[in-house]
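Step one of this worksheet: look at the structure below.
Every chain is named by a letter (A, B, C and D) in the order it is written, and numbering of its residues begins at 1.
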Amino acid sequence: MADMSKGGQQATVAPAIELRGISKAFGPVQANKDISISVQPGTIHGIIGENGAGKSTLMSILYGFYKADEGQIFIHGKETQIPDSQAAIAAGIGMVFQHFKLVENFSVLENVILGVEDGAMLRPSLAKARKSLKSLAEEYELHVDPDTLIEDLGVGVQQRVEILKALYREADILILDEPTGVLTPAEADHLFRILNGLRDQGKTIILITHKLREIMEITDTVSVMRRGEMTATVKTKDTNPEHLAELMVGRKVLLRVDKVPASPGKKILEVENLRMVDDHGVERLKGISLNVRAGEILGIAGVSGNGQSQLLEVLGGYANATGEIRISGDSIDLTGKYSDGRSRRARGIAHVPEDRQEHGLIMDFPAWQNIVFGYHHAPEYQKNKFLMDNAKILEIAQDKMDRFDVRPPNPQLEAKSFSGGNQQKIVVAREIERNPDLLLVGQPTRGVDIGAIEFIHKQIIALRDQGKAVLLISVELEEILSLSDRIAVMFDGHIMGERLPDQTDERELGLMMAGVTQEGDAA
Amino acid sequence: DPAIIFDLGGKFDKSFNEAGFNGAEKWAKETGGSYLEIELQSEAQREQALRRFAETGANPVITLGFAMSAALSEVAPDFPETTFVTNDGWSDAPNVLNVAFAEHEGSYLAGIMAAMASKSGTVGFVGGMDIPLIRKFGCGYAQGVLATNPDAKIISNMTGTTPTAWNDPVKGGELTKAQISQGADVIYAAAGGTGLGVLQTAADEGVLSIGVDSNQNYLHPGKVLTSMVKRVDVSVYDAMKEGENLKPGVRVMDLAHDGVGLAMDEYNAELVTDEMKAAVEEAQAKIISGEIAVHDYQSDDTCPVMKF
Amino acid sequence: MDFLTIIQIADSGLRLATPLLLACLAGLFSERAGIFDIGLEGKILASAFFSAAVAAATGSVWLGLLAGVASSIAFSAVHGLASITFQGNQLISGVALNFFASGITILIGTAWFGLGGRTPSLSGGQRFSNLELPFANAVADVPILGPIYSDLLSGHTILVYVALLMVPLSWFVLYRTRFGLRLRAVGENPAAVDTAGVSVIRLRYAAMLIAGVLCGLAGVYLATGLAAGFVKEMSAGRGYIALAALIFARWRPWHALYATLLFGLLEAIANRYQNIDLGTFVIPVQFMQALPYILTVIILAGFGGTAVAPKAGGQPYVKER
Amino acid sequence: MQKMPKWADVALIPFLNLLIAFVLSGLVILAIGENPINALRMMISGALGSTYGWGYTLYYATNFIFTGLAVSIAFKAAMFNIGGEGQAMIGGLGVALVCLYIPFPHWTVAILFAMIGGAVFGAAWALIPAYLQARRGSHVVITTIMFNFIAAAALNYVLVNVLRPKGEMNPQTASFPETTQLPTLHDVLAPIGINFSKSAPVNVSLFIALAACLIVYLLMWRSRLGYEIRAFGLSSEASVYAGISPFKIIMVAMILSGGLSGMMSINNTMGEAERLVLNSVEGAGFIGIAVALMGRNHPFGVLLAALLFGFLYQGGSELSLWTKIPRELVIVIQALVILFTGALDNMVRAPVERAFIRSAKRGAH
């Protein structure tokens, strides 16, 4: 492989990037502490670390988005000041942020040229960009319709736009912050092909990810961050996932899911012929039928955008539909006054939403107020007929945060000041501890570090083992395969079929997810 | 020292309050005396200002505007040694001098001038807000117009319903243009700062206007037919001059007492024909003698010649 | 209603719409860049005062125009300082500037002219005079189009034509230039602009500057075009109406033109038909005066659909919390 | 790693902000040829130096508490209710109708009904904009602006043509009957031996305003409804996930907001004027916006901001009584206070914060 030969040159060529003694504090939070790292040109350098370890901060400093309190930056051996992103771009650095920096109601083309227009008038810039986008697309397999609005694109394509943006600016150092967090496996594979291609052309790539598999698969070197510090940098070929996990979390982490076989009981959730039309008049659910029994986890696999989100919305009570839904044999309203989140919760349905920041939490509420979000009518949170019992809620919140290892365990902190993984723990703590009959879970570990993933998976399984029904939706096939007792595959608003996890594999599921049916159902 | 309380319009409203201010200044200049003053900013200040001035021994305390009536009735009894003056308002308290202006009589004369100056037979009236006082102006004016030319058409407009109605010359100008396009060629403005826009637009468009309260003839020489002046300045000046000897009671400022009237000066001299002068003088004499009774809208809240 | 009346009403509507249009476009640039601007009212007022004051003092309406625009820019600059540099609350800043304008114009006016905040009446070269468009007289007698051209379109001050011209110009700047692209982006997602290597702060200040100029023109037109001098509080709520028009127009230049023309026209109609005598019953003047506002509400409700404001509007851009 | 002591946050910084505002105001006073020190002294002693001054300060503050709370509740639901002015006007009509047409035995009964009358009328005036926003997406900022104008026209009509007693020049209603007259603070405090000025208009409405602060606090920060309103205001998407109905929240928040604006009229209409006059609201609805924003949309912040504005109003009155300083100066001072305490807060905050962090670091070494 190409990286072998490059390994030999390392001593003679100046590193593409070298950071020395970078420190950065956000008020009382020391996000980066005296960090030094060097990245060889033409390599893919991985950075891993728990949520909140300071990875994104470090990269933002490199990209001139934040200013370091201390430290120096060397690009290709030359000390470089990067006071703003303009300087970073000039230094040949491109960055794809964890949260994309795209203007949603602009077209792809407009987003690509923003900031690097060729003159005062737009037209020539757009025409030029259109041409070079075409050639970039061919060169790197980055196909995007230049005239579509960003808001109409899936996240995978949006990411392609971000990469195109960087390439259009002729970056030769590309930083990707958790690029696969929102991608389907197919999209992730595609991305890695692109990254390999870029490396082969001599570009330098920094890749932040929580997925050790990806680190092992694609990087040449990997650095580990913990609590704001750079704790280790190793050659990828000299390490293994278990070791990396330990370096990251500071203890041994179980990378497999451990669970006893399910013992399903009576049907908790029964769905029949569920149909749903969205605001634009597009039919998103085209007659879904499924059921989940007590004590089992039904995993729903599928490429995002095939109706899984809508299924969760309907079940969770915030989208109207037709058809039939029964909970423990009683049918529930699918439209009207009693088709809302509150009524669903009253029926024993708990719901970890796909997007914790948009739906699961009020980001400006402190953690303790979020811990009752959706359940704020529950009698045990009330002091009397009129007032909520804030003191008690605070106490409950503290307790939950301690037991769910939410860091920092301070219920007064606003949700937005927790890292993604810890935000997710708050949501999970809230939903699971309501002791629901049915738990709806959407993308439970998106963007979450491996320590937290382990923890969240354990909680879901524990709930199953208590005899509750769990409906799990995830685009991570690995997660689906390891957690589910039964797997249904969704494609284009239909259930393509069901499989048992030990009688199928990623390849077969992948085909079904692409709409290809094979032999009969397992259920 | 005397004290004077200007109403919400402020002492530079170019009309009513400003007339009062001029009277006070005239007194101050002549006698070298000084006086206390306040421009009200809120309703709650009405009582406050009366009380505070009375407490410090100001006498008389002169108020401008009908809106002071209630506050006066409230406060005056508490200060029997002080004489209060209300211009336009009314209070039964024994230590209040009620100065009542006969705006309808003055407006009647303005109406006569308007009807005679109009070639089209259509005249206009722009009021600041649809309130009784403005109706009183409008009604007197309409009577004068119709008495002179029974076929005349009177277009009446009000500026608005919020306090800015008195300070919107732009809207005044547009109303004027609208009236002109409907044929009006003499327009009487009783609308505070808005009236300035009326006078201006009338001058720009080459029609005649009639000012109000103070003499506004000079604003556009040769373009303002006349002004219906309300001698608040005289009332204030007299009250200050009499000082502590001022007698409470009722003082009527009508045509007979020169309390209202039309401004005739060098600025409108060439607009005023001899016939006009004669007609106005005749009407004035008849009103004073009682031969002509100009209906006062205030007396029964109706106007015989105009619908509001 | 005969044709001539319609022309006259439309003519009046156009005049009344002009200050609204200028202020609305000012708000458009500001809010498109992500800065709420409820200080339009104050800027109009300040500009009206300073343009009239300087025109009165110097005898030149052009100097007045400069002064009016400069004062409006100064207000914009303070608003920018508060909402861009010091990341303050944009609504508070706007409210404060409105108060400030309504007080300071009268204070200074009294100090300068001793007329209680009024300026002396302007005449001759102190005011903008009406322009006759070419051939206005010649074509006046052509049926339909003649009056439309010579009565409705011709015979306004230059600022009316400037305002109308600003509509396509604004559209062009916003949608056809690099600056416009960046400006719109900064109102939607300043972080995207920042990471693309463009200064958010500079863009937003530029937007404030444009807003200052346009709003200044609105005030200049009020005091030296429509009226002949400054009268206290003469903006009379037009800044708020412009704000309503801006939302109504969904932050788009051509729609701003339509919305402000609609408001101007409704007001002109209400002015013209104040006393409708139905024989037994006179429709109260107050009803006719409220009619433009009632109709606006009805039209708005009828149109339906949510007006989506620029996403980053109202929030200061903070990189580090 | 302390950021900044709490006292600096809640006391020092606001104080510095006010200081800057007053220094600038002083310069303006100097510029118009008066003595700023005297002016300040006159304002302070006039507004706070006597029970009389306090009486007016508190009277104005009462108005602003109501309108400030009104704006803040709507704000919490992400609704910018600019319609406080119109809602208060129409609320005044409700108070007037109740006071004029229901024969009350005693003021205690009257005030209850007047509160309801004011609140119902004010809420009704907020209802249409709220409904149009919730169901039709018509922007509440536009509709409430429009409703202010409509309210002014409606009130003008009613006061001139319907409720005005015959022969009355002022567009106003008849005086309310004796039994609806509210006790002033003088009447309330006299029995307990405190001699409060008799002539100040502050009345028992003040206590209702204070109670309203407390109730709004409990409602917004302690009740389920308040929780839902705040959640909705911060994220409507998440609220829908939680089963909070946007329609309900928009309607309820606007009704509460309009109701509070309407209730203001028990102070100025029932308590002070004892009749409804045309211009009774006098911009208090707009001041409410400033008060709410400066009070950070928190009831106790609103209370403080309302007191500050009450002080400025009354202090300003005294200035215009005893000096030739034009009344507009007070508006300028208000503007500067709003600007520096509300919008330019960070200008002072950032350096102060840095100074504290620096000294803390030095202390740590």
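As a working rule, a residue touches a chain if its C-beta (ideal position, glycine included) is under 8 Å from a C-beta of that chain, and two chains touch if they have at least 3 such contacts.
Keep in mind that this is a model prediction, so the values were computed, not measured.
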Subject >> Contact-richer chain pair (by C-beta pairs counted) among A-D and B-C >> reply: B-C
Original post:
Which chain lies the greatest distance away from chain A when centres are computed from Cα atoms alone?
Top reply: B
Original post:
Quick one: chain A and chain D, Cα centre-to-centre, how many Å?
Top reply: 46
Subject >> Rounded Å distance, chain B centre to chain D centre (Cα mean) >> reply: 35
**OP:** Give, as an integer number of Å, the spacing between the C-alpha centres of chain B and chain A.
**Re:** 75
Original post:
Multi-chain contacts in chain A: which residues touch at least two other chains?
Top reply: none
Subject >> Contacts with two or more other chains, residues of chain D listed in rising order >> reply: 149, 153, 156-157, 326, 330
Original post:
Considering chain B alone, which of its residues make contact with at least two other chains?
Top reply: 10, 130, 160-162
Subject >> Pairwise chain contacts under the document criterion >> reply: A-C, A-D, B-C, B-D, C-D
Original post:
Any idea which chain A residues touch chain C in the complex?
Top reply: 26, 63, 65-66, 84-90, 95, 97, 101-106, 110-111, 113-117, 119-123, 125, 165, 416-417
Original post:
Hey, which residues of chain D end up touching chain B in the complex?
Top reply: 56, 59-60, 149, 152-153, 155-157, 160, 164, 166-171, 175, 199, 201, 268, 272-273, 275, 277-280, 282, 313, 316-317, 320-322, 324, 326-327, 330
Subject >> Interface residues, chain C side, partner chain B - complex >> reply: 4-5, 8-9, 12, 15-16, 19, 110, 115-118, 121, 222, 226-229, 231-234, 236-237, 267-268, 271-272, 274-275, 277, 282, 285-286, 289-290
Original post:
Touching chain C in the complex: which residues of chain D?
Top reply: 28, 31-32, 80, 82, 128, 132, 136-139, 141-143, 145-147, 149-150, 153-154, 156-157, 161, 286, 289-290, 293-294, 326, 328-332, 334-336, 338-339, 342-347, 350
Subject >> chain B residues within the chain D interface of the complex >> reply: 8, 10, 36-39, 41-45, 47-49, 51-53, 66-67, 69-70, 78, 88-90, 129-133, 160-163, 298-301
